[in-house]
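I have a structure here, written as structure tokens, and I will follow up with some questions on it.
Letters are used for the chains, namely A, B and C, taken in the order the chains are written, and counting of residues starts over at 1 for each.
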Amino acid sequence: MKPQVAFFDFACCEGCQLQIANLEEDIVGLVNVVDVVEFREVLTGTAEKYDVSFIEGSITRPEDEERLKDIRKRSKLLVAYGSCATSGGVNKLKNLNPSLENVQKTVYGKDWNMPHLRTAATKAVDEVVKVDAYIPGCPVNRKEVVEVVKSLVLGHVPALPEYPVCVECKFRENVCLFQKGQVCLGLVTRAGCNAICPSNNSPCEGCRGVMPNPNKNAMHEVLKENNLTVKQIFDMFTMFSADPEVKG
Amino acid sequence: MCAHDKKDSSLYLPQVCTIVRTEAMTQRDRYFEFKLANGDLGHKPGQFAELSIPGIGEAPISLSSSPTRNGTFEMVIRNVGKVTSMIHTLKAGETLGLRGPFGTDFPMEDLRGKDLLFVAGGIGLVPLRSAIQYALDNRKNYGAIYILFGCTDPTQRLFTKEIADWAKREDIVFLESVDRPAPGWTGNTGVITTLFPKIKDKLNTKNTRALIVGPPIMYKFVILELKTMGFEDKDIIMSLERHMKCGVGKCGHCQINGCYVCQDGPVFTLEAVRGLMEAI
Amino acid sequence: MEVLHMPQSAFHAFVDALIKENKQEIVGVKQKENSFAFDTLESAGELCLDYTETILPPKKYFLPLKEQLLSFKPLDAGSYAPIYDEQDRVVIGMHPADCAAIALLDKTFSEGEPDTPYLKRRPHITVIGIYPVQPYKNRFTSPFVTALAYKTCDLMLVDLGDKTFAIEVVTDKGKSLIAKAQAKTADAAVQKKMEERKKAPKEEVTLSMDPNAVSDFLNNKEKDPVFAKRAQRCFSCGSCTLVCPTCYCFNVSDEIELSLLEGRRVRSWDGCMLQGFAKVAGEHNFRKNPEDRLRHRIFRKMKYLKERFQMPGCVGCGRCGQACVAGIALPIDVINEMNGKGA
């Protein structure tokens, strides 16, 4: 029997699911090797147990934690895909503010305290349940998702690249954005997106999170040498991976 | 060189090898006996081969049996990654790809007439066994033979039946130790260097050659011990592990300073390695 | 050797004729935004032979960024079959440094265990080199490297500055190729001008010692503080190794189609400056500190390769100096700093 696969989402923009739905020709190949049994965005239907569950989005409410834990219990393997799920992504920015109440008041105004607007500090998926594989990115790279599915079907958890986006830029023989007077976070950001942003003349914003052992101090120096202010540097670093270490 | 000799065949083309027998050895180590379709592998003790599973990848594995035992060859494979974990699922009769044998060997012919001191740390016994078997199969060509085997704990012991036979033999000295004992363990406890005092006085250092294989940390301490016992650098022979990938001195992953371990090694004398600051 | 002389317009016409023949891939240096890159030519008008330096070295045609080694059916050990690339190509515009780098690769891939994929591809490539026309701040020129270039190129162009080229005919292959063009034999005056124009344009890096002395200079200097100092700014991004014409380390991996029915074993460029390069199964990393990786790279480029193959490991192209955002990569800079001459 083909592996039973399901897609779930939490606090997110659903852009990652859309990438899966947009796989186009690869969808046919994909459904030849797996059975998609639950995927709210594209089909009706549910199942009791799953071989692989894909989780998009961050966890921001107690009831979501419970729902996620339930999914985890019923899944052999669980994959966090998209930056919201793998690191908290943009959703984690609110954690940087010392007062959640202030955040809510600013965003929601006088109705901030309504029950349906309740929210807690953002958590990445692995802060609630064990995650077996990660696919970072905002949104995910479709090709990377297909590779992960292939690996899982063959019985092993795929490893993500440990090198930065620069490697992929060089493979594409891009003119380095620094050479064009721009600043780019590709130097410390984990590869796997095929350098899509720099290849389109847009600096890397680090949506996939930092690579293992990034040289953040050197990055600060380089950004300062390119006349960015400390605040600008902080904003760049925290957009997708709000990291209290990076303050100041 | 590869046992097969297809003209116009790629350096990277594996040949087919079949599993004759396989059984678990420890929780992560599995024993395999292989044979090739045509002829012997033609390997020497200390060499390694690259095993392939099409679609998963290729992994370098030490050869664990002596070429004096014809027809088949043996390996012990530790489950550490996607290739090795897939190999662990295979059964007798199933096939894999193989390239090799590669690398330098323990110079068993040059060591004729010498006394041999084998020091195996944990999984280091796997490649060393090919040399030990070779010596035992040609027993009269060598003088005294000492085998020291150390493991972290009793669950990590390898080839338990075979080492029990070694322990019983009267024409060799076999001693083993574990760093941490377990209930029921009646043997020596302590790191492998604690076994040296037991043989120090019997050893004729000038006529003995040491062959040592083990994890990186072991080399420092064993070499210190051997040096205080008076061994010269040229008479200490070791096998160094690096990230072997192509096995043919091209891909660069196995470099220790200026040398390629897959071509200039994995067997080195300490003398050769003194100039390589990354080696130990 | 024979030297020819022809107007650049005639050379362009010759290249256009080759492209039109459609018998082989014609590759040359083209403008790429504010830089340059080797790429397939649609017309000779795209050529920028007075380029400073390309982003990637032309090594990519000899040892591709990614190439298929074998095809297979997943899990079927008997299904492996080699894949060879035997496409005919002409590569136009290789600087002597890049030609010398290929001479090194030719040697490393034929010695020891001959590398079948490289050696099958090699005879199908015809090299038209050219001496640099513009100065380039990171470039270092050495007579040894320039002489080595002649082991690789089939033809060598020298831009005479008057819209003509002098063409040294180095090999028989080059001779039969250029016979298709209308080139005259170069007279003494042209040859004299050619020798003058070959001399390195200014604005270059200088080495504070005899290049032949570098290998010995590095003896016992593995712990020099320069490595730790530069490593503080190293991102381990691999850019220096990826743009280097003499780097040839590679990674091998298996790829499978989504059908799971077919696959390929591929090799792609890898670099010792990347974190995971010296990691073994079980996670021990034999070069886990950036300063160790930096030290290894400098020693390999400036010592080990020379000692092993009697050819330079660094040909002075200067690409790494340009590619390194942190500004720490140029081996000549490192040697100068170790020698107490500037940081």
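Throughout what follows, a contact is a pair of C-beta atoms (placed from the backbone, for glycine too) under 8 Å apart; a residue touches a chain by one contact, two chains touch by 3 or more.
Please read these numbers as outputs of a predicted model, since none were measured by experiment.
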| item | value |
| --- | --- |
| Two chains sharing the most contacts, counting C-beta pairs only | B-C |
| Core chain by centroid distance, with centroids computed from Cα atoms only | C |
| Centre-to-centre distance between chain B and chain A (centres being mean Cα positions), rounded to whole Å | 44 |
| Centroid distance [mean C-alpha coordinates] between chain C and chain A, Å | 37 |
| Where chain B and chain C are represented by their mean Cα positions, the distance between them in whole Å | 39 |
| Residue list for chain A, restricted to those that touch at least two other chains | 154 |
| Per-residue overlap in chain B, given as positions that touch at least 2 other chains | 55-56 |
| Contacts with 2+ other chains: residues of chain C | 74, 256, 260 |
| Residue numbers on chain B that touch chain C, as the complex places them | 9-14, 16-17, 52-59, 78, 80-81, 84, 95-97, 216, 241-243, 245-246, 248-253, 255-258, 263, 277-278 |
| Residue ranges of chain B in contact with chain A within the complex | 55-56, 82, 85-86, 89 |
| Interface residues, chain C side, partner chain B - complex | 69-70, 72-82, 84, 108-109, 112-117, 222, 248-254, 256, 260, 263, 265, 267, 270, 272, 277-282, 284, 286-287, 292, 296, 299-300, 303-304, 307-308 |
| Chain A partner contacts - residues on chain C that touch it in the complex | 32-35, 37, 55-56, 65-66, 74, 232-239, 242-243, 256-260, 268-269, 274-276, 290, 322-323, 325-326 |
| Contact footprint of chain B on chain A as seen in their complex | 154-156 |
